[in-house]
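What follows is a short report on a single structure.
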Amino acid sequence: MSTAPLSNVVGLHRGGRARALDVVAWVVLVIVTILFLLPFYLMIRNGLSTTQSLTSPDWSFFPTHPQWRNFTDLFHSPDIPMLSSLKNSAIIAVLSTLGTLLICSLAGYALARIPNRAAAPIFYGVIATLMIPGAVTFVPSFIIVSSLGWVSDYRGLIIPGLFSGFTVFLFRQYFLAFPKELEEAARVDGLGHWRTFWRIVIPNSGAFIAAIAVITFIGSWNAFLWPLVVAQDQSAWTVQVTLSTFITAQTVNLPQLFCAAIISILPLILVFVFLQRYLVQGVAQTGIK
Amino acid sequence: MVGAAMPSRVVADEPSVSRTGTAVPVRRIRGQRWAFWAFITPFLVGLIGFVYVPIIWSAVLSFFDAQGTVVPTRFIGLDNYKRMLTDGAFTSALLTFTLFAVFIVPTTFIVSLGLAMMVNRIQAARAFFRSVFFLPTACSYVVASLVWKLSIFNGVRFGLANQVASLFGSDPIAWLSTINPPLYWIPIVSVRLWLQSGFYMILFLAALQNINPELYEAAFVDGAKGGWQLFRHITLPLLRPTAVSVLLLCLIAAYQAFDEFYNLLGNAEYARPPLVYLYYLALGTQQNFGLGSAGALILAAMIAIVTILQSRLLGFGSKGES
Amino acid sequence: MSDNRPLASSPFSRRLFLGGAAAASAAALGACGSNHGSGSTQGAGGKTAIQQWYHQYGESGTQQAAKRYAAEYKDAAVTVQWIPGDYDTKLTSGLAGSSGPDAFEYHLSRALVTSNEVVELTDLIADVKDDYSEADLGSCTVDGKIYAIPMIDDPQLIFYKKSLLDAKGISSIDTLDDLVSAAKELTTKDVKGLFAGNTANNDGGALVGPVIYSTGGRYLTKDMKIGFDTALVADALVKLRQLGTDKSLLLGAPTDWTDPGSIQNGLCAMQWIGMWAVPTMTKAIDDLAVMPFPKAAPNGQPSVASGGWSAMVSAKSKHIDEAKAFTKWLWVDNTKDQEDWSLSYGFHIPPRKSLAAKATKLQSGVAATCVQLNADHGVQNDPNWTPAMGTALTDAVTRIVGKGADPEKELAAAVKKINTELQKF
């Protein structure tokens, strides 16, 4: 990470032209930064406006009297079930993350480290599902979930998503590269697979697990199609379904809706600020598919 | 894939003797089989129950006339498939997707690669820029659609795009409902671009930073002139595995586009990608699960074919290398 | 990747992790119990539990009112589901599937009857049949049997800001041509002339019905034939298209025509909307005025789309008798709540004539004009018009208004499809 990109070193060799390119790069980056931050700015500006100033033909860069009460009004609004959908999203995201980590790490470890004749066919079975992207299977999955009676139920929202072939694949690759010496030392001490896994492997895999956890959490919080399909009852809506419903609702309180959007991204912004390192690592892992 | 299978066999063939030479009791192999199944059963149950069974059930259902029910009762053979493939709506959905892919994949590729190269180039504030471009990940497609539909690209005078347009003397444009010219592509493509570029930029950045600087030195010494030559002969080839990954991921993601189309355009028949169409078919007013299943399987087959084709043509890039 | 850390003595106990995960899952799954879910179950206290679905009414206070009425009912535990967004799709899939409502509001269509999705309700209204107008009963009757109880009547007309029209010297709009030119004149850089739906430039928005009525036609005649003159409607639809090409239509607004937000926020000068929004609009607009949809053919007349909502009972309900009893209690007998519903939030005409007669709030101002216009020119929904026919017509209209296709040809094709549907009866 400390290797200076050689383009810079080369630049030093070549002087003026490279410096001009540097300036160009800076200018472009600044412009793109403004463009990228624009939606966030709009959310805040709109969330703190009144409907009148929001819809007026004159553009105001920021409301002269920020309407903080829009936030409190949002939570008291009987039309937008903000509190209950936040609760649902939180529960689903946390349980999905914990569940996925548990189930997929175990499976990945088995495939990587526990010799068994069934390992290869199972692995092929997992790979095969990677060919069929998740979203396309929502119709059949809904069929199963609805016949189990799990519609509008936490079970229907969480359980089908726990069995990610992709996550198992990632864990397997990771465990394959895990230093064997640690496990073999454990073997010598008489620990079986189970205890080796929990006492040795997992504690030493913090960074990787954190990366997968962050990616899974974000994916679950932001998921839309599946919750839309399964959470048909208003009491089961996640925050994404609630927002979506109110984009197309008959009557909409625009500033409140933007407040709702801000609140819905706050948890992820927090994750982003504090756990970015793991997030980036998780993304890098995803790319090395 | 063969390489992956080997370690397990090797270990299993090894007589039950540990590295230190002491014989390990046979009991351990039996314990090993128990351990394997203990570890893998939760996942396996779910894989079979929630991935394979649905796919198989759905495949079965696709040969039946199943409206408003998920129980196969009326066998109609290939009718659903025939109907799906000759149905103007499905084929136009595929067309929509193709157009969409043509717009979004190259654009995302260029933007994310460009951003990665520029961020890689500068020294100061690199972490800041990387964070800014990656920040949209905190937004879901729904949130982004909300901002796009109600604030930036709404059709009325207080939308940002229309405010800018009015600076150029234009009337407010109804971006999402203008078919002639098809201006609705602008919000649709830009929303995904904003949300995704950071993700792919991270991939490219990681790859760029893995390039050994000595290669550049050597090329420079060999007389390579100008950044473009270095780019073409060193950077690009070394980026190939990542580039292939990015293209493939981008394409598959585009195939499954749902969230932004549903929230920005709803059931508009002029811009309805396959998944949106299937959603309305299976879960909308018709509740036609048989037809929806047929469509889903056709779509899955197409994605699988594209994936295989791409890996054949361009090589499983990343898999072959690091 | 080599890691030289010594064997950890495992502060990280698997027990902790598993225990935590297990406890959390158990708590969550236990909590989700019977609260989510489908259809009817036994409610608390042994009372039958039934579900009642409403679409999202725009006026504030409506959801609480609906829940209040449900709570007043003592013979069953009624849960109110308030459905925002696309009510049509949600309801249709709910009725077709297994997790739908027991009692719900909607617009009766023959399709619901032929696919056995609604229950006959003739006996509920037998005693007070005279208190309902023929038109109201007609929109709730299929083949002589009543399947829906009228809840509210909603006249829909063109509301406008009088000062804006006066400023342009527009004194009256009598024909569709007048409307088109008025809309064009009223359009400025910041304000559009007419709002009739976010995609009205493509599919005619809410104006397709009114256009047909204003040519002197109806969707269907009493003996189930096409009720409109194709040539006249074709001409009128071309004029609808002109509204779009003139750029006098407001499009892409944050809310659709059923919400008064657009005219209130000054985005348009005229808006097609219903009387329900009068209380909200009069608060924001001093010079609110209203007119019917102007006549669209030499021998046509102005028209008012007389919509509304009716209460029905799902045939798939597991508690049909209880749902019927509840529907009778609320929408036939409980005149106090009906009055509250019709007048305290948005304005609707109570279907029961006795209630409408003493509705003082509807006897002055813009509301009174609406009621009068509705009496003179109102056209009710025709339950014999099925969704399939609607789709055929909408497709044709979209091509005519949105793409400028040959109107006579498209309408002829649509009429053919509609006739095929009619044969099925």
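Assorted remarks:
Letters A, B and C mark the chains as written, and numbering starts fresh at 1 in each.
In this text, a residue touches a chain if its C-beta (ideal position, glycine included) is under 8 Å from a C-beta of that chain, and two chains touch if they have at least 3 such contacts.
Keep in mind it's a predicted model, so treat the numbers as computed, not measured.
Ranked by number of C-beta pairs in contact, the top chain pair is A-B. For chain B, the chain with the farthest CA centroid is C. Annotation: 14 Å between the Cα-based centres of chain A and chain B. With centres taken as mean Cα positions, chain C sits 38 Å from chain A. One finds 38 Å separating the Cα centroids of chain B and chain C.
Within chain C, contacts with two or more other chains are made by residues 86, 97, 189-190, 254, 267. Within chain A, contacts with two or more other chains are made by residues 55-57, 102, 146, 197, 244, 248, 252, 254. Each of the following residues of chain B touches two or more other chains: 150, 156-157, 266, 283.
For chain C in complex with chain A, the residues that touch the partner chain are 1-3, 5, 7-8, 10-14, 17-18, 20-21, 24-25, 28-29, 31-32, 35-38, 55-60, 63-64, 81-86, 90, 94, 97-99, 189-190, 254-256, 258-259, 261, 265-267.
Listing the residues of chain A that touch chain B in their complex gives 1, 3-10, 13, 18, 21-22, 25-26, 28-29, 32-33, 36-40, 42-43, 46, 54-57, 59, 102-104, 106-107, 109-111, 114-116, 118-120, 122-127, 129, 131-144, 146-147, 159-160, 162-163, 165, 168, 176, 184, 187-188, 192-194, 197, 218, 221-225, 228-229, 240, 243-244, 247-248, 252, 254, 257-258, 261, 264-265, 268-269, 271-272, 276, 279-280, 283-284, 286-289.
Taken together, the chain A residues at the contact with chain C in this complex read 51-52, 55-57, 78-79, 91, 94-95, 98-99, 102, 146, 149, 151-155, 177, 179, 182, 185-186, 189, 197-200, 202-204, 232-236, 244-246, 248-252, 254.
Every residue of chain B that touches chain A in the complex is listed here, in rising order: 1, 4-5, 7-9, 11-12, 18-20, 28, 31-33, 35-40, 42-44, 46-47, 49-55, 57-58, 61, 70, 115, 118-123, 129-152, 156-158, 160, 163, 194, 199, 202-203, 206, 208-209, 211, 213, 215-217, 220, 227, 230, 242, 245-246, 249, 252, 255-256, 258-259, 262-263, 266, 275, 278-279, 282-283, 289, 292-293, 295-296, 299-300, 303-304, 307-308, 318, 322. Every residue of chain B that touches chain C in the complex is listed here, in rising order: 67-68, 150, 154-157, 159, 166, 171, 174-177, 179, 266, 268, 280, 283-285, 287.
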